[in-house]
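Next, two complexes with subunit A in common: one pairs it with subunit B, the other with subunit C.
On to the complex of A and B.
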């Protein structure tokens, strides 16, 4: 750990500086988002025919593709983020406190991107309110897609509340050093604040964290999202109980990788070596290794269940999966990263932040590839695969590829904007790093030496 | 849903109270109704056996209603095999005579026992599209007497694709939107042309060497597409069980297409080729609304003909015809059925034993013979009418002379006609819709009767001449089987639990069956098989030949 003492000034630096690099990054992200918005407008004008999608069956296409694959991937990033942040609070993993808020913001960003994908994916997005909400009382009993929308909305509210509550403490303490132009925002954020609430908010946040962790297997990426696919009986590429754990492991892998990349960027931009320490990267990398191991183990379960005396439909689907070059590349990337993580665990000299960054990028690329392929595979090898045109063909169109740029830009913009508004590292974390027990009664989070 | 009140009903105290008031309004004993309802709930929870339930109230029911038509224990066991909910069956039993209105029936049976106990979730809802679980498998609560469906004779299909083109014209579909899809297939056990030594030639299948599969929407009773729909746009029309898409509600998420095991859905990826004003089907109506909007209990919904951009479409089974909007003559028919030259498609109310699909499904051998002998355009053989026989025969003709005297009649045909007469149960056609199989059966029966005015066919000599052995029903059946084959019946993917309303006669494709070129090429009749060819043209930045 660095010998530099973390200060309030450190975490205020993003808010009170404005660099050329920031503008370049902001410009690039805006450009990426606008480019996709234009493409989306064209899609709205022409119809979904501008995508590479089609009808499975006699039509020889794939009903869902990159949009849904990216949707579940973003939801995974988001869910992993909130689980990570909740675990830090609930299990007193104080070591990771400096990145907890980044994880929460990642959740907000991921859910925004996922919500955007729902709209982009639909044939008639204009009917979202009338058709979906208007029949909600009936469809929520049946449709996994409605469960999804419900849960995503619920977690958006939950994460935003969580973030909002913890921000009150910081904004109040640091108010004098925050820019006056955002005064109204800070006023709303800290409305009715009194120091007496700190203790209550700590408890509330603890319970919110408990709720997140308890519901993770059921309502987050271990349940509702995989059920979108796993419950359909006639698509053997999707069906099965393994999808719950599989999705959860992917969510956590993606989220840890995402948070490492974002942390890396902030540390580099604002000289936070002493706040987001090497130790945090080492720890996150080990967790990434752990979830990657789980993921590969679940993949193995799926494959063995299909290819060893599997029922015909399952065997066909799984054989096609393991024979697919894109799957092989994705798994090789992920496995290779796991090997590196283990090796650097045994021989710490192999660790470097750049390598951790690279590992994160590879994992994110691997999980995104796996997700898109997973969605498409279902249509390629259904139980009823008598059609000459099944398996069909699908390759994302330029507009679909651009959506990845657009949503990534959207999340980047969220961070760029938020970092100018509020501290992205908690004041608690700084206080903790200093060994500073300024806030007196911390009943729910007993201090533990990192 | 309350857990702390005293109510036995899952919807709680208030709901229960309402029903009790309803019961009080009837002339029957409310207390008995409520008690039965309470125990009925216990039966659903498995706390009370059906037999005990039956026994417990038998005396009271007899005293109150003078009859006890509730299912006996045996009846219940049979019901279990059908995996049908306990209570819908009880309702059916009480509904027995079919004469009383639903309301009267409910009153009579002590209402509560069924109405309170079971229908609770389903029947109170508004909206015609409602479908919520009541039993373990059968999930549609509203029971109607009508369920449109089909029996499709795959050995009769010669792959001419007339049904596909008729469907496309009737519904003004885009290229590649094949709501009706006909394919030839092969698998290890069923070869096509090359392996024709495996196939049995029957006169009935006109010697076709192809294994066919005709795939409209299956209009499943437990339709997965409907269950997953986030909007209720995909729904089952209560009055006749058609599974339809409300084009005004659909958001185009395509989850129905994802969940359908059969691949019958076609999305409208861009602006349809036929503008709304130009939708004319086969009819040329004054206003397209007449054929695009179908009737519901509460107004009309846009569910028929091609879909507008951004929504999902699939085979509708022609609701505009079923609603009588295309004339009374088309009620109980579909465009594909009417267009099928050999009558391989039998459409009708599958719940009515007199309907064509029921007759064809339940009596395939006899029905095939009837279809074959009365299907004038496609059959090499046809049965003479009673009038033809009367004008051609005279007293004292012997059998062979009589056959010779009637144009087109052969020993074979007469034997088949006689066999039909011998095994016929004499069921007469109803008036509801076109029960063509039963009606044609009647014609054959009167022809045989007319023939027998001149020549007695019930003699040993005649039996021998016609190849009917000892003239027993079994021999008649055997004679028909020789003529038409004895097909097995199946439904597609029966183990998926969709309860489809299409029944097939003929060879079931195995799990490894694959489509092969059929007798008629799609492009020869201006149909597009692989729609992706068309859709790819609209893809922005498409790279040829690259695919996941």
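On to the complex of A and C.
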């Protein structure tokens, strides 16, 4: 660990500097987003058919594809963010405090991208609000999609509230060093602030974290989202209780990978070696290994349940899955990364931040590939193969690929904008690293004595 | 005769099965799973905000205003966006603002 002492000036650096690289990145992200918006406008004008989706049957293929796969993947990325942050608060995992706010912002970004995908995949997105809200009392009873919309709204609101409440402390303390041009925003962020509230807010945020850590992993990504698939008995590739834990493990893998990439970028851009230390990357990499191991174990359960004397429909779907080159590539990537994480655990000299970054990128690519294939295969191998004589294939169209560029750009823009507005590292983290936080244990819930 | 038959309460002779039982009508399965299971952590959180110590009702209400404000701004924002999409791409705002049915 570096001997440099973290200061307030360190965490204010992103706000008070403006570099050429920042502009280049901003320009590239804007271009990526605009490119997708143009493609989406074309899709809106011509209909979803321009992607080849929306025609299962005479056209063969699949009606759900990259859009739905990427939707699940982004929700997954979003998850770990707030879970990591909540774990810092609830389980005293102070080591990760410096990346907690980056993690919360990853949640906001990931959920925004996921929500956007819902809209993009709709044949008539103009009916999104009037249909869902206007008929909520009917659809909430029979549509897992409406459950999804409800829980994602709740999750987004809880995460944003968490971020909003914790920012009050920082913005108030650092106000004199924040740029005046954003004064109205800071005023709204700290509306009604008084120092007396700190303890109450800390306790409220503790309970917010508790609600999130139960709701997000167990009931959203291990519940409502896998239920979109797991509750459909006609698709043997989807159905089954294993999807809950499976989805959760993928979410945690992709989320940790996402946080590592974003943390790496910020550390590099703002010389934060002494704030986002190597130790954080080592720790995150081990967690990544743990969740990757769980994921591979769930895959094994799924495969064995299908191929060894499984019901015919399930056996067909699973055999098709394991025989698919895309699945083999994805699993090889993920397994290879796990081997590396184990090896660097045995021989720490094998660890480097660049390798951790590479491992994160591979896991993100692997999980996205697996998710898209999972979505498509449900349609390709249904129990009652009514379209057996019109077999189709699915390959994402250019517009769908562009949606990945667009949503990644959207999340990048969110970080680029937020980093100019508020500190992306909590003031508490700096205080903690310096060992001078006055604001400590009594802020959390008192321990319950057994 | 017909009048006499319709006068018999349906509960007496009708088998009582309903093809959509469990799916339609409020409240039903989905209502329970969302509002009585999934959202329970949120209810506990809200209860803790107002009942735990140290507490301050004003700060608690501030938290609630964050929740309500963000939910409202999300859905109102989305509504504005979908009306714009309707006007630009589908010949008018969505139903029921404009006529029901294809444009």
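The definition used in the following text is that the second predicted complex is superposed on the first by the 428 of 450 C-alpha atoms of A that agree within 3 Å, B and C clash if a C-alpha of one lies under 4 Å from a C-alpha of the other, contacts with A are read in each partner's own complex, and residues count from 1 in each chain.
Please note the rule applied: contacts are C-beta pairs under 8 Å (C-beta built on N, C-alpha and C of every residue); 3 or more make two chains touch, one makes a residue touch a chain.
Predicted model, so just to flag it, every value in this text is computed and none were measured.
Touch criterion met: A:151 reaches subunit C, while subunit B stays clear of it.
Of the two partner chains placed around the shared chain by superposition, subunit C is the only one that A:161 touches, whereas subunit B remains out of contact.
Within the superposed three-chain model, A:215 lies in touch with subunit C and out of touch with subunit B [touch as defined at top].
When both complexes are overlaid on chain A, the residue A:388 reaches subunit B alone and has no touch with subunit C.
When the shared chain is aligned, subunit C comes close enough to touch A:199, but subunit B does not.
When subunit B and subunit C are set side by side, the one touching more residues of subunit A is B.
Of the two partner chains placed around the shared chain by superposition, subunit C is the only one that A:129 touches, whereas subunit B remains out of contact. Of the two partner chains placed by superposition, A:328 touches none, neither subunit B nor subunit C. Look at A:141: by the touch rule set out above, it reaches both subunit B and subunit C. Once the two complexes are laid over each other on the shared chain, residue contacts for A:417 go to neither subunit B nor subunit C. Once both structures are placed on chain A, subunit A residues 124-125, 127-128, 130-131, 134, 138-139, 141-143, 146 are touched by subunit B and, in the other complex, by subunit C. In the complex of the two chains, the subunit C residues touching subunit A come out as 23-31, 33-34, 37-39, 41-42, 44-45, 48-49, 52-56, 58-60, 62-63, 66-67, 70-71, 74-75, 78-79, 81-83, 85-86, 88-90, 93-97. Taken together, the subunit A residues at the contact with subunit C in this complex read 41, 44-45, 119, 124-131, 133-134, 137-143, 146-147, 150-151, 153-154, 156-158, 160-161, 164-165, 191-192, 196-197, 199-201, 203-204, 207-208, 210-212, 214-215, 219-220, 223-224. Only residues 125, 127, 129-132, 176, 178, 181, 183, 185, 213, 224, 227-233, 249-255, 257-271, 309-312, 492-493, 496-497, 509, 511-516, 529-533, 535-536, 538-543, 546-548 of subunit B touch subunit A when the two sit together in their complex. In the complex of the two chains, the subunit A residues touching subunit B come out as 39, 42, 46-64, 121-125, 127-128, 130-132, 134-135, 138-139, 141-146, 149, 232-235, 312-313, 324, 326, 372-373, 376, 378-379, 382-390, 392-395, 397-399, 401.
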